[in-house]
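Notes for the one structure printed next.
The chains carry the letters A, B and C, assigned in the order they are written, with residues numbered from 1 in each.
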Amino acid sequence: MEELGAIKKLNFNVCMQCGKCTGSCPVFPKSKLNPRRLMLETAYLISPLTMHPPLNIYEKSEIWDCTTCSTCSYRCPREVEPMDVIIGLRGLLLEQGRVPSTLGDALEGVYKYGNPWGISRSKRSDWAQDLKVKYVSEGEKAELLYFVGCAAAYDSRAQEVARALVKNLNTLGIDFSILGNKETCCGNEVYSLGEKGLFEILVEKNLSLLDQYGINRILTTSPHCFNAFKNKYGKDLAVQHYTQYFADLIDKGKLKFPQRVEKVVTYQDPCFLGKHNDIYDEPRKIIESIPGIKLVELNLSRGRSVCCEGGGGRMWYDIPGERGRLAETRVKEAIDVGADILAVACPFCLLTFDDAVKTTGNEDKIQVMDIMELVAEALLSSNEQVI
Amino acid sequence: MKELFVLAEHRQGELRDVTFEMLTKGMELSQKTNADLTAVLLGHNVQEFAKKLANHAKKVLIIDDARLENFNAEAYQRVLFHLISERKPSLTLVGHTAFGVDLAPSLATELNLPLATDCIDLKFEGEKLVVIRQVYGGKVNVKASLRKSDSYILTLRPATFEAQETKPQGGKIVKIASPLSEDITYKRFIEYFQPPAGEVDIATADIIVAIGRGIKDTENMLVVEKLAEALGGVLACSRPIVDKGWLPNDRQVGTSGKIVKPKLYIAIGISGQFQHISGMKNSDLIIAINKDSKAPIFRTADYGVVEDLFKVVPSLTDKILEEKH
Amino acid sequence: MNVIVCVKHVPETAEAEIAIHESRKRIKTEDLVFDINEWDDYAVEEAVLLKEKLGGSVTAITVGSEDADSTLRKCLARGADKAVRLTDKAFEGSDSYAIAKILYKIIKDLPFDLILTGAQAGDDGCAQVGVVLAELLGIPHVTMVKKVESVEGHVKVNRELEGGLEEIVEAKLPVLLAVQTGINEPRYISIMGIRKAMKKEMKVLGLKDVGLTEEEVGESGSWITVEKMFIPPVEKEAEILTGGVDEIATKIVETLRAKGLI
């Protein structure tokens, strides 16, 4: 019960059971997941008192339903951080091997192959084969490291984002390199799933890679990788999400768009960029700088944005529910505000929304695009593709 | 003259196909090596089987004993130990089946005879017996030789050698007294058990869309299910999907599941281990979608797509729905 | 119930591309990931489930080089109490029969009620070791096991036959059971669990310790010897549809339409 010790260190005993967490939890309406109740139960778990009826925390499989969107922690008036308690509880269940099999497979995939899909390492940089990139792993030095991340490295739809990002950097003449097949999972989802031991291994591996290749600055596709490097590695790493990096270029006058994109665009704040890291303005700055684009806000945006249900391991664990997926509701909202394009800045949002557009039959009404793809469209005309 | 044994396999009143496959291969070998092809039949009240076997072999040795009515590795081993020690056949062929894998290794050990299992081909090179086996799930073949001996045991992969009709051999049926003197006590057959059937019978479906290990999570299963729906077919799978508990075992295609012969079989994310292939290879039209261009499934399929199934399947579903409208 | 589980450390090849080594006697393994043989993983889980229900101990045994320690550690983390690795240069080239002899030599002196193995291994697929081992030990065996129930001095076992049929068999203890995949749901093994398992007992023994001669193991002690490995010849090959995803989908639809399937 080492995990219990970790939970004890959390601040949940000041919880006053106000229920803001449960009230704001996006998953609660479709799942048994009830953060307020879990805070109470955790208090019993570490106290000598027993609950009536007795509590069996290991039976609470809804602990795996959490997307770690952090809305509960964000809204808590007493800084209890229910999300961290849930992650701690996951660790407790994991110790007993009580984890849904698809999540177990994802974790094993990370351990054995360096990615949650368990795809061969030798295929990690296939997406970049025909692109101009430097491989730091082959001694090609560059000032900036582009950390691709598992989704953008392996998922065919998300690969398009990595490709767009590389083309954009090349168009702007920015010197960068990638780790190629040496790259390994950042561990953000591993951490969120409570697999601390595996997360420690990944931290060690990645830090030694950065050290080995003398890397000083990191750019990520995914807010999840960004979050891991920035907040979970216990080191002051110079890491930026690409939205920060490109917003910076705009500020410095280094990024101007020759093409117009005549579209109404709305934007989904990714949890790991927004609520977790307070990055709300940079993505909007990029979108608004593209000539022709009209940015409309979703009814719930910025800190109140609703999770796509792709975080916290939920990419590998689907919970059925009569209410459907949150991404489906979100796509309908985007159509309601009159958007032609639902812009995202996270590969998980991209994948869950892409699916949701299809499952709700809205392919002809709205399109999901990553901000990097919008930038690529505004930077290049179709007949002058830079690779 | 030397004998070449083929051990007849039967269950619930029927001789199993693998028996005739082995007899066909055995006939070819016996002619080459100048041995008498001898079918060995253990059972109880199995005269009818003996008559059938006599059409395919020079000789049928029949050992009738109530204790041999249902397969029991222990009882079979005692009888065969006796028979092989006494008659020293140059080779004994056993099916690589649930029956054969339970019997052959312990029999060979007791007899101290070399054994190779799950062979897909065999030949004598002089006195040396050489076999071909598959390893790494059918991705690699091995040519292996057996330690020199005057008698060998092999288990042969079912549905690999074609059973051919030959002119009746008019084999002599020879009854041999059962050497079993005492009851079999260590291991007892109790009964057969047929797990209850679900609502869908894949064996009668015209269109089957089957999934395998390449499906990484249950969400992707829904994507494939939509394809099956669009085609008016049913969803089936290979073993790993049943092992994960994602589909009930009556949806499993293969030797340990169902043998199917639909008009259309689409294999998605299935690498094509022989256990699966033998369950679906007689389908009229087979289309395989797999990321690994070297997957064995492409050696059985009529059409192949080397692509990410998550890309191809939704697009295919859309096109089929369009076509139907 | 004291249970011994025999396990094997094998490369994962289900989704990997495989190349033959220059010697043509083995495959190239540099790019492959090794783990416990899939069938054996179910066997270990079954052993631990039985221990949790009936008490007793679980000992995991493997024959293999130092690399196989990670597989043993996984067994210990899953709930095995002890692990033994049998290793010796002389063991190289051993087939299933020779491996079973090595295992026999060590297991014959250990106390046990039950031995579990996987029904086969994902690399050579011989499906022999368990059954040979049982014969050497003079105990009964049941292969293709899908379900185990322990009844006073016996086990009642479901065996998987062909075509979805099962057979129920009773066997006296001690017995060896070779288990089929799907018999249980192997639990997730956390890294923390593996680290904790480092404290458990792990023995390493060689040729002399088990009391065998060089002739009895390796190629000389084997039934079969690999002459060469090769990629299976292509007898028939699917027509590979190429082009973009849309193009491929259109080609398939055309084929289906031509055959009257839609």
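Note that contacts are C-beta pairs under 8 Å (C-beta built on N, C-alpha and C of every residue); 3 or more make two chains touch, one makes a residue touch a chain.
None of these values were measured; they are calculated from a predicted model.
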{"item": "Chain-level touch network, classified as line, ring, star, complete or other", "value": "complete"}
{"item": "Greatest separation from chain A - chain, by CA centre", "value": "B"}
{"item": "Which of A-B and B-C has more C-beta contact pairs", "value": "B-C"}
{"item": "Per-chain CA centroid nearest to the all-protein CA mean", "value": "C"}
{"item": "Distance from the mean Cα position of chain C to that of chain A, given in whole angstrom", "value": "38"}
{"item": "Length of the line joining the C-alpha centres of chain B and chain C, rounded to whole Å", "value": "20"}
{"item": "Gap in Å, rounded to a whole number, between the CA centres of chain B and chain A", "value": "47"}
{"item": "Residues of chain C touching at least two other chains", "value": "15, 17, 185"}
{"item": "For chain A, residues that touch 2 or more chains besides their own", "value": "101, 118"}
{"item": "For chain B, residues that touch 2 or more chains besides their own", "value": "245, 311"}
{"item": "Sites on chain B touched by chain A in the complex", "value": "216-219, 244-245, 308, 310-311, 314"}
{"item": "In the complex, chain A residues that touch chain B", "value": "101-102, 105, 117-118, 155-156, 316-318, 355, 358"}
{"item": "Residues on chain C engaged by chain B in the complex (per definition of touch)", "value": "11, 13-15, 17-18, 20, 27, 96-97, 100, 119-120, 122-128, 130-132, 134-136, 139-144, 156, 158-172, 175, 180-182, 185, 222-232, 234-241, 245-246, 248-250, 252-253, 255-257, 259, 261-262"}
{"item": "Residues of chain B that touch chain C when the two form their complex", "value": "11, 16, 70-71, 73-74, 96-99, 101-102, 104-106, 108-110, 114-118, 130-131, 133-147, 185-195, 207, 213-214, 231, 239-240, 242-243, 245, 249-250, 252, 255-259, 263-264, 271, 284-288, 291-294, 296, 298-307, 311-312, 315-316, 318-320, 323-324"}
{"item": "Contact set on chain C toward chain A in their complex", "value": "12, 15-17, 31, 33, 35, 78, 185, 187-195"}
